[in-house]
Amino acid sequence: MNERQAKLRSIAGSLLAEGRVSLFIGFGPGLEPSRPVPWFAKNADEAGKLVLDPFCGPGLARYLLDETAAGPAGIVARGCDGLGLERLVADKRVGRDQVYVVGVACRGAVDPDKARRLAGRPVFGAEVNGETVALTTAGGRLSFPRSDCLLDRCLACADPSPRTADTWLEEPLPGAQREFEGVEALEKLGPDDRYAFWARHLERCLRCHACRNACPACNCVACSLDNPEWLERTTGLADHFMFHFTRAYHVAGRCVACGECQRACPVGIPLMLLNEKFMKDIRDLFAVPDPHRPQEAEPLGHFSPDDPEGWREGDETL
Amino acid sequence: MPRIGVFVCWCGLNIAGTVDVERVAEAARAIPGVVHAETYKYFCSEPGQNLIKQAIQEKRLSGVVVAACSPSMHESTFREAARMAGLNPYLVQIANIREQCSWVHTDREEATVKASAIVAAMVAKVRRDEPLEPLKFPVHRKALVIGGGIAGMQAATDIAEAGCPVILVEQGPNLGGRMAQLSETFPTLDCASCILTPRTAEVARHPLIEVLAYSEVREVTGYVGDFTVKIARKPAYVDWDKCIGCMLCQEKCPRKIPSDFERGLGSRKAIGVNFPQAVPNRPVIDREHCTYFEKGKCGVCAKICPVGAVDFEQTETVREEKVGAIVVATGFDVLPREAFGEYGYGKYPDVIDSLAFERLNSSSGPTDGVIRRPSDGKIPREVVFIQCVGSRDPDKGKPYCSKICCMYTAKHAMLYRHKVPDGQAYIFYMDVRAGGKGYEEFVQRAVEADGALYLRGRVARVYPEDGRLLVKGVDTLSGQAVEIAADLVVLATAAVPREEARGLAQILKVGTDEHGFFSEAHPKLRPVETMTRGIFLAGSVQAPRDISESVAQASGAAAKVLALFSRDELAADPLVAAVDESRCSGCLACQPICPYHAIEPKALKDRQVASVNAGLCQGCGACAAACRSGAMKLKGFTDEQILAEVGTLCL
Amino acid sequence: MAYRYFPGCTLHEQARNFDVTARESARRLGLELAELDTWQCCGAVFPLATDAIINLVSPYRALAAADGAGADLVTLCSGCLNVLRRTNRLVATNREIQEKLKSFVEADYSGGRQVHHLLEILKRDVTFEGLAAKVSKGLAGLRVAPYYGCLLLRPPEDMCFDDPEAPTILEDFLRALGAEPVDFALKTECCGAYLALRDGGRSAAAAVVRSAAAGGADLVVTSCPSCSYNLEQAGTALPVVYFTQLLALALGLDGAFGGHAVDPRPVLRKKSLLPEVN
Amino acid sequence: MSLTWEPRIVGFACRWCTYAGADLAGTSRLEYPAAIRLIRVPCSGRVNPSFVLRAFQRGADGVLVAGCHPGDCHYTSGNLFTRRRYSLVKRFLEYLGMEPERFRVEWISAAEGHRFAQVVREMTADLRRLGPNRKMREET
Amino acid sequence: MRINRDTLRTDLIAKLQEISGETVALCYQCGKCSAGCPLEREMGILPHRVIRLLQLGQVEEALAANAIWLCAACHTCAARCPRGVDLSRTMEALRVILLRRGVPRAALGPPPPGAPQQTIVSFLRKYSS
């Protein structure tokens, strides 16, 4: 069976049994095998139900915000979870000593909807093997290209493992450089086409706040966008621009590129294209090689006397 | 419901000539919350102000907008008028419809529409204003002066003479600083100790000055008027209260060590004072070189001391003081010996720096004032002075001009010639910078009366040849390379901040420039102040300075301190930042952005939040723009106010 | 650490004694100095015109060849070191020149290797203590003037060889051999280099040799054939040898002292470092 | 576009430099278009990027953020944060489809009344050419 | 010498600065280059004056200076220059300009016996385009 899962259950079980954590955050069984859900194990029994398979999709870091109040929490962390935790620690919202990180090497999570569509029938299991994904269905195993099966957020991922962990479930994988092809493609359009692109997407926004609630960087006690002086509860396109502009700016230099906002969005707005634009410009203007990984000094929290004037030098790129 | 009054000024024809002021008032009356609007020829005049006061009282106004000239002209006038009428002055806003409207537009219609919009925006702003009171801080009328050189002593004396107590902290064992090392001073050639010693004695016996020698400032908290300072007294291993200053210990101490004070040219004892006239006249044990501390035996000093003052067990003590203002006067140092291998500095004993030359010249120095070269004690017949060693050298030294070297080198050439009449002084210079009273004349005297030969150019190398030092330089005026066989080479090395200054800057939270000199608040208009209110600068801590400039700046700093101390409490503009703790997540993204270090974390029961020290905040609002949740509010310029202005101006 | 040895044109011709003594000594010290398979003259001088990229081709080839062999370059000649090291740094820091050279030479080398001088390898890999331990015939009593000249030291930001005004590596090396280094003022001055061929004027070289002689040196040691030539021709009787010749001698090997314009053997015999001839 | 349409520019001006520069333009009687309306802020570093969006939302055709030249900030570093923030925001606004001419960041000192007038003239001319802004603007 | 904007800003100066990669305006004429130059005695016009001529726009005078052929590119000046100017590069650029103009190079006789290859190659490189 699944050795990783067994090992995780045992690690989590003993952490709980020894009282080193009061809670362990991972995945547990959902309504369907392809949809495991976030799982908060409080004892060894519950740890025995932890799931670790390629369907483990959603980010977990954000849960630390609520779950560390009662004492240290354990968490199974992929790269995205690790960076999310770093974000929370940098923002002083979670103490690093309040979290026990079990690091894993993630090869990407399978999108249950994509899998269902490709297989044409319910999917019970999945295996990521290099560039292909094998899906287990009642009719046998079917193989598909990785790029068709994974969650969008995993396709762009450059961080298979967290940067630090308290223990490792397996050998961590090194990080890579993030590319911003989607941003570059959009930059090539004219202003009116770009506006049309964003208007088309933002028109669908329901202002359900799923993006905000999923985001490890949106961790404020209170949100300025709930203040009616900033944003009334009207839902015109201009308000959506205000909401998403402000949100993107608030996470500029802080977004960890976990892609949870976009995954959580019920209407499929390509929110990461907003966040990635800031990342790309921070990289290019301020020479921050990996702006999605929390920096010692936040890109917007300091300056250099010889910073460029991006509005002058930026003209040719747009 | 707010009750706003709008007062549209004609400013004679300055406004009314272009803007239809009656229409502006009419439009204002239509704005919800405006209960009064009127126009007048000159609201800044006495009768104009009376109209405003009258309206405030009669209409029970809760806010006032004066549409007139720029707020830089009459904001304070109208706020004062409001205050006299019983309205909080911070509930007055100015709509600038003159400089930014009537004077720059000609189309009456356009100008009137724009003026109305500006008035509406200020109405929207004033509706969101809250009454504010000027911040008040108590003033401890006691000053801390850091540094016991000429600048620090001058500042301390000036402050104490005005009747305010001063704590003067000096890190070395005695007062005097760099000036105590000098022989004579330019441009008068009077002897440094002759003018310094009386000043030192005056400081030492002044009833309002407490000298804490051999001490360091370790921690500073608080803000202008109310600083708390921790001062550490380093162990001298001598109880200075018991000591009577007989210096028997120094006389009998068997251990001789090279003296830093003498720039390595002379020696001192492991216990003793730097120079005979030192104040306080109390010895210090150099622990690193003391035989007792090295080997556990000796103790000659303890045995000989008639009052039993030597105390090998002495430890550091720390005391806390409350002061209202701080003057920093920590002075300068010169570039270390390692620099400039091409001159053999540190390698050849007869290549020395200018401070060492001062000691050679000093009658209390290692040669009793006879100029002898260090290698063999001979009197040098030819001396080469090299200026700009490490100064004006962005590639390997410092890019700036050290300012004092031109003058002291001319002085050295003169003093040398006075003592060695058949000697010859050569000075390699790049430009002679002698701006100062009597300075140029002084340099010319060195040339005319004392025969110093000025050679315009740098020296490339110095190396020994036939028992002398061959100096290879150039005279760019004749376009010829020049070689001089010298007996002594004196380098005018760059003046740099003292090594401890950087740490002190951090303790004081005062900025420094890239070289480590302390930054003034404004290079022209606030040259003795720092960006932190209540902390002032004197002397070379800010940039290389000569004695007269240091003294002048010290008196300037003292005047600033006394101006502060002339009040019982300090009032400050209440337009500062404040934290809405219920909205603050405590991420402290605001903290690195604050140029005044005014933001610190504060622990609440369940989490931490940011808190603003109103005494340090200057109200720039950079923190408010960095705050995502809107918890950081800049009073008078809140998000709500600016948003309301934006919304109104766009209508 | 594997090195590929770049001898340079002179060491296979006029300065064979430099080459031979280095190879023999290296073998004795257990250093692997395999000669680069194919190499051309480095060009002898580093091109100072920013557009003289063609003159970088030859040193770039040598660097790329060493990289292809998975090794760093090592050289003895100060001139080769100067050209190779500066080229290497330029390739590593100037993307435009790097791309031009890549396409011209059809190699894919981006400046990731290092260029070493044998002295640096002795200091770092063998260490001077280690070297002293391997000396079988200490050069006691031999007063040697260590002459650095220009090419090892300057420009300092490119060469990073030693303190440009007060270098010590040759002195430390000589002490390891048991010799006594003589401090002399002009040890870092230029000898006039190739200008010697222009009008025979050797005032610079003469000043250097005089300075060394005044310091009481028995001989001068260099790392550069041009220096060696200029100093020997400067018209004094002070012998000039390569540092590897003394290295070989101290290790008990043949120092190949024949063929010098000023014969060093008499002074070495006088110091009992070479056997007397009958 | 109606014949009477004139662009509307909202300008954020730091009180020490640009606002004083605009006052100087006034005392020097330099004429410039009435399109500009200034909001006085203590420092360009106070200007929250969302203020800019709010201006567009409420109907501004152009927005100007202006402060002291880098190195001259009354508060030493406020405008250096402005430079960082608005280097990003300017590009981001354009990425969302805003025309570059509609948003400008300028350093205008208290002595540069001419420069202030010139910037307003340039911006107004650009906006007249572009016509009214409809992007990110709420329906009225 | 009569100077004006046009004599100060010539294409030739621009070319020279491009080839050398050095800015002549950086020099503040302290003369440390000349003071330390090993060939100063032979040069006639000293190195700092060559760069001064360039600052004054007198490129042809600089090109005529014997000094440019006597610079051995030893970089002693560059290593000590307080302004970070590498005069050797300016000297090389002046040589290169002349050589590219086809000015006959200094005649090289048969190299003396015993001259090392390094010296000969260096000489040829410096004295031919």
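Brief remarks on what is shown
The first chain written gets the first letter, and so on, giving A, B, C, D and E; residue counts start at 1 in each chain.
In this text, a residue touches a chain if its C-beta (ideal position, glycine included) is under 8 Å from a C-beta of that chain, and two chains touch if they have at least 3 such contacts.
What you see is a predicted model; the values in this text were computed from it and never measured.
Chains making contact with subunit D as well as with subunit E: B. Of the two interfaces, A-B and A-D, the higher number of touching C-beta pairs belongs to A-D. Ranked by how close its C-alpha mean sits to the mean of all protein C-alpha atoms, the top chain is B. Centre-to-centre separation of subunit C and subunit E, using mean CA positions: 27 Å. Between subunit A and subunit E, the centres computed from C-alpha atoms are 61 Å apart. Between the CA-based centres of subunit B and subunit D the separation comes to 36 Å, rounded to the whole angstrom. A straight line joining the Cα centres of subunit C and subunit D is 64 Å long.
Shared interface positions of subunit E, defined as residues touching 2 or more other chains, are 41, 76. In subunit C, the residues that reach two or more other chains under the touch definition are 164-165. Within subunit A, residues 230, 300 each touch two or more of the remaining chains.
Pairwise, the chains that make contact are A-B, A-D, B-C, B-D, B-E, C-E.
Across the interface of their complex, subunit C is touched by residues 18-21, 38-39, 41-42, 69-70, 72-76, 78-79, 86, 88-89, 91-93, 96, 106, 108, 111-112, 114-123, 125-126 of subunit E.
Those residues of subunit E whose C-beta lies close enough to touch subunit B in the complex are 28-37, 40-41, 45-46, 48-49, 76, 80-84.
The touching residues of subunit D, counted against subunit A in their complex, run 49-50, 53-54, 57, 70-71, 77, 80-81, 83-92, 94-100, 104-105, 135-139. Residues 8-10, 13-15, 41, 43-45, 47-52, 55, 77, 79, 149-150, 153-156, 164-165, 188-198, 201, 203-204, 207, 224-226, 228-230, 261 of subunit C touch subunit E in their complex. Every residue of subunit B that touches subunit E in the complex is listed here, in rising order: 342, 388, 392-397, 430, 456-461, 472-476, 479-482.
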